[in-house]
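A short worksheet on the structure shown next.
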Amino acid sequence: MSLMEKYIGALNNLNFGDMYNNDFFLTWEKTRDELDAVFTVADALRTLRENNVSSRIFDSGLAISLFRDNSTRTRFSFASASNLLGLEVQDLDEGKSQVAHGETVRETANMISFMADVIGIRDDMYIGKGNAYMHQIVNAVKEGFEDGILEQRPTLVNLQCDIDHPTQTMADTLHVIHEMGGVENLKGKKVAMTWAYSPSYGKPLSVPQGVIGLMTRFGMEVVLAHPEGYEVMEDVEEVAKKNAAASGGSFRKTNNMAEAFEGADIVYPKSWAPFKAMEKRTNLYGAGDFDGIKTLEKELLTQNANHKDWECTEEMMKKTRNGKALYLHCLPADITGVSCKEGEVAGSVFDRYRVPLYKEASFKPYIIAAMIFLSKMKDPQAALAALEAGRRARLMK
Amino acid sequence: MSLMEKYIGALNNLNFGDMYNNDFFLTWEKTRDELDAVFTVADALRTLRENNVSSRIFDSGLAISLFRDNSTRTRFSFASASNLLGLEVQDLDEGKSQVAHGETVRETANMISFMADVIGIRDDMYIGKGNAYMHQIVNAVKEGFEDGILEQRPTLVNLQCDIDHPTQTMADTLHVIHEMGGVENLKGKKVAMTWAYSPSYGKPLSVPQGVIGLMTRFGMEVVLAHPEGYEVMEDVEEVAKKNAAASGGSFRKTNNMAEAFEGADIVYPKSWAPFKAMEKRTNLYGAGDFDGIKTLEKELLTQNANHKDWECTEEMMKKTRNGKALYLHCLPADITGVSCKEGEVAGSVFDRYRVPLYKEASFKPYIIAAMIFLSKMKDPQAALAALEAGRRARLMK
Amino acid sequence: MSLMEKYIGALNNLNFGDMYNNDFFLTWEKTRDELDAVFTVADALRTLRENNVSSRIFDSGLAISLFRDNSTRTRFSFASASNLLGLEVQDLDEGKSQVAHGETVRETANMISFMADVIGIRDDMYIGKGNAYMHQIVNAVKEGFEDGILEQRPTLVNLQCDIDHPTQTMADTLHVIHEMGGVENLKGKKVAMTWAYSPSYGKPLSVPQGVIGLMTRFGMEVVLAHPEGYEVMEDVEEVAKKNAAASGGSFRKTNNMAEAFEGADIVYPKSWAPFKAMEKRTNLYGAGDFDGIKTLEKELLTQNANHKDWECTEEMMKKTRNGKALYLHCLPADITGVSCKEGEVAGSVFDRYRVPLYKEASFKPYIIAAMIFLSKMKDPQAALAALEAGRRARLMK
């Protein structure tokens, strides 16, 4: 039996034609079939690589990366995905300056895209800005393509914005799918997306928002837990509610970590900053009010310190189903007694889950590659079949 | 009919054998046939790409980039061109330190070139230095090649020096050729290369110099217009005169913007700094006289402010042939009311020409690729034919 | 006769099976056969390239570089080697911060390695740290591979540590082999590895240590010469002694430069810092004692200045065999009257040896490529034969 047969079969049952020549902004803008197509292609590409079959669909071409924050993991995931498909990464380093506007964005987007097949952007710092900026870029290159300036339309991959972190949460979910033995087994599983204490502050909201926006698609019982005052974006909570209703699962909130962990199949304890505070910070940055920012930081650290009991301890883990919930984290975690004095997770819990955590991360390059693949291949099933048939070795044997 | 037939036919009528294993410093060091070969190959490579035919002539190899200024556009153009041909860009970041001398240049040039096929340099800040530095590098690697240290001779592509900006002006001209329907239609056309006001100062001279040095090759009526005191390098004016005489066109100067625009087919309004001032600045840098530099900057900004009426307004555009001259700019432009209060061009003029302006820029990667191609392929016609015959897909279909 | 025949024949007589899926830390951890295999494959890869035969064994894949110091030469050598084999370099820029520890290293090593085939590290600043850090990384990725996190095991190439500089000294030695007409001709040759004066201080010990640790493998008469107080790591001297005994050569020390040069076939005069001082500096850095560091620097510069007579002058060169010893240097050298007032070598000596010095450096990319090749190819002889048989052109002809 061929390597690609089962993936091609799965794709044949899915409707994902709109992904061709399209972008990936937010998971909830995609249909379930489209998400399943990404998971399927990610697994297919991994299978090819594990069997030393090249999955280069590009003979040449550039993948532009634009990181508005320092990033090692996402940078390497994007570089790996691009390289896997045959693209060379070219980094656009704008510095960590404020977001550029209007004319400049339109012009820069076109100037860097003459031979760009993909643009990957991470811009998660400022509420209301990151996702909007990605749309500006995409509008500019779409227009450039329609006007005959660009001969190909570069695909956007959202590598993290102020709203969602789709490559992370899709990788998290693909890991869960593998651990649970199939996407169909997610139905009814309890997921605790909970806040956890960290000695730093201002961690992005895109992960908890992305998780409740995505995991509610699969009929799971999703609980969002955090201390009062750590609310996430309301719009995304609404998305989660609707998703849960549509998928036959549930979405609810609690201010009690233990309650969330009770009987959970999956736990994702992770620090984040309150949405309102991040919104305030964005405005302070906009106004150049650096004293205000310092005051806000102080307040947030003080507020955090009131909730040091929000830690994923051994005792907390015992409350989960058979004491063996799958522990998720986007990494790096604040590990009590290891990377900090008091943090998100006990050292012994982290230790026990290290291998699955690293595996969770290992899906990200394939998720990104799958997003690109589905945007670039008109007939992905035929493309997978052709790659296998071609059997060009990735590494000469 | 084959894709490459007409380009191969055009090349067959041109004499450009000296470009093989050679460098590209200044356009006026090349014959008309050689320039036409670059245009032809640029169009051929674009046609291949538009038809999804790979034009990788390298299976592996490095393209070294050395930018002595920040640069997004040129950096991406060079990366695109290199990638198109199969080379990986490796950036040599020397910092923005003063130019290194003698032994160091010779040694560094060899140390980075063991597997380098191309070296692209941008060094336009200091008068008398940039082009000289490129020659030092080229002499070093030629010697290294002859001495058996380097097994291939890296080709230099001048990505902008203190004298010329050949990849820019060749891209500008190829755009004009396309807009005018062929290089033969350039004869007799009036080009206004004019100074324009900008609130910044010290913009490089390489564009106006490059334009008058190149566009006079095609029998055009080239007018260089600027306020008194904004003279460009005299040597290049001499080149322009000789070119015009040889090509059956003309070259003249004026201090009147409106006169230059009168009946023009092509206008290129753009700010630059006076040559004498840049020469002075170079000496001040050499002497480490930073107070002197500050004083000079102040003087230049004051001088600029006297010429705010040098703007490409709607009224000015009306003076051109049928009010519809082709507006050129190397980008980014200082757009009045958009990127600055008062600038080089009115917002409405820029808006109307945005698509052609972006197209103008889109030729640069192909121009660079063509320069490399002609230096590396002993028989470019055969190479183009072989690429088409091979029909390796750039993107798998 | 085929291009690869003699290299394949040579490899057939060597026992180097342990290099497969293995790392390269220190030359003295490798057998003579293994070192000879590296030399042989380096020559074979060079021959392929000189004959325009591609030696890409990778269709895609990443080579991670991690430089804890600024580096142009090593960076370009690593990039060249990686590109030659078909890998794309991805740089991990950790800043020049202190070495990270424990959990962080393990996690980062895995996070960057999902598609990494090679990791090249240069970390030579702190005594007792660089080599140890490389082992941490290797242990982490080996564990990651065994745990099924990584689907391939990245190979480490030591691009310079606190103990050894194997890619440099292997390149130096391959140069000597070519100059002497074969590795078998090294036996009995006298090598003077001597300290030389430099106006800077704190130059790494890895070169002299690497040279005495490697050149004693070939039956040569190796003399280590330096002023009193410039002792290198004792452990490495012990290695050199044992090597010399085993190979039928000799290793001895002297505090007299002239004595070392007397009748030498090869001289390697080069500045370095005393091991004890570097050890002290590492501790001062660890304690954050910056005043102590400044004091130490001053002491070292004063100490250096007492030994300005340790220069490779014409007079000194006359003492060597027939006045014509092969002069080696890892470059850049401190050249008297050129790069400094008083330095390691006289201008006229350096001038006379420039071409061979540059050739010496030209072996480094091939040495690195050979290390990677031998770690990745299970049957290197078959792989070389297949590359030649495939005859894919590196540059289209």
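A, B and C are the chain letters, set down in written order, and residue numbers restart from 1 in every chain.
As a working rule, a residue touches a chain if its C-beta (ideal position, glycine included) is under 8 Å from a C-beta of that chain, and two chains touch if they have at least 3 such contacts.
Every value quoted in this text rests on a predicted model; they were computed, and no experiment measured them.
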item	value
Touch-based graph of the chains, sorted into line, ring, star, complete or other	complete
Proportion of interface numbers common to chain A and chain C (over half same, under half different)	different
Chain A and chain C: spacing of chain centres that average the CA atoms, whole Å	41
Chain C, residues touching no fewer than two other chains	88
Residues of chain C touching chain B in the complex	46, 49-50, 54, 56, 72-73, 76-77, 79-80, 83-84, 86, 88-89, 331-332, 335, 338-339, 355, 358-359, 361-362, 364-365, 392-397
Residue ranges of chain A touching chain B (in the complex, touch as defined)	57-62, 88, 90, 92, 102-104, 107-108, 110-112, 114-115, 117, 144, 147-152, 376-378, 383, 386-387
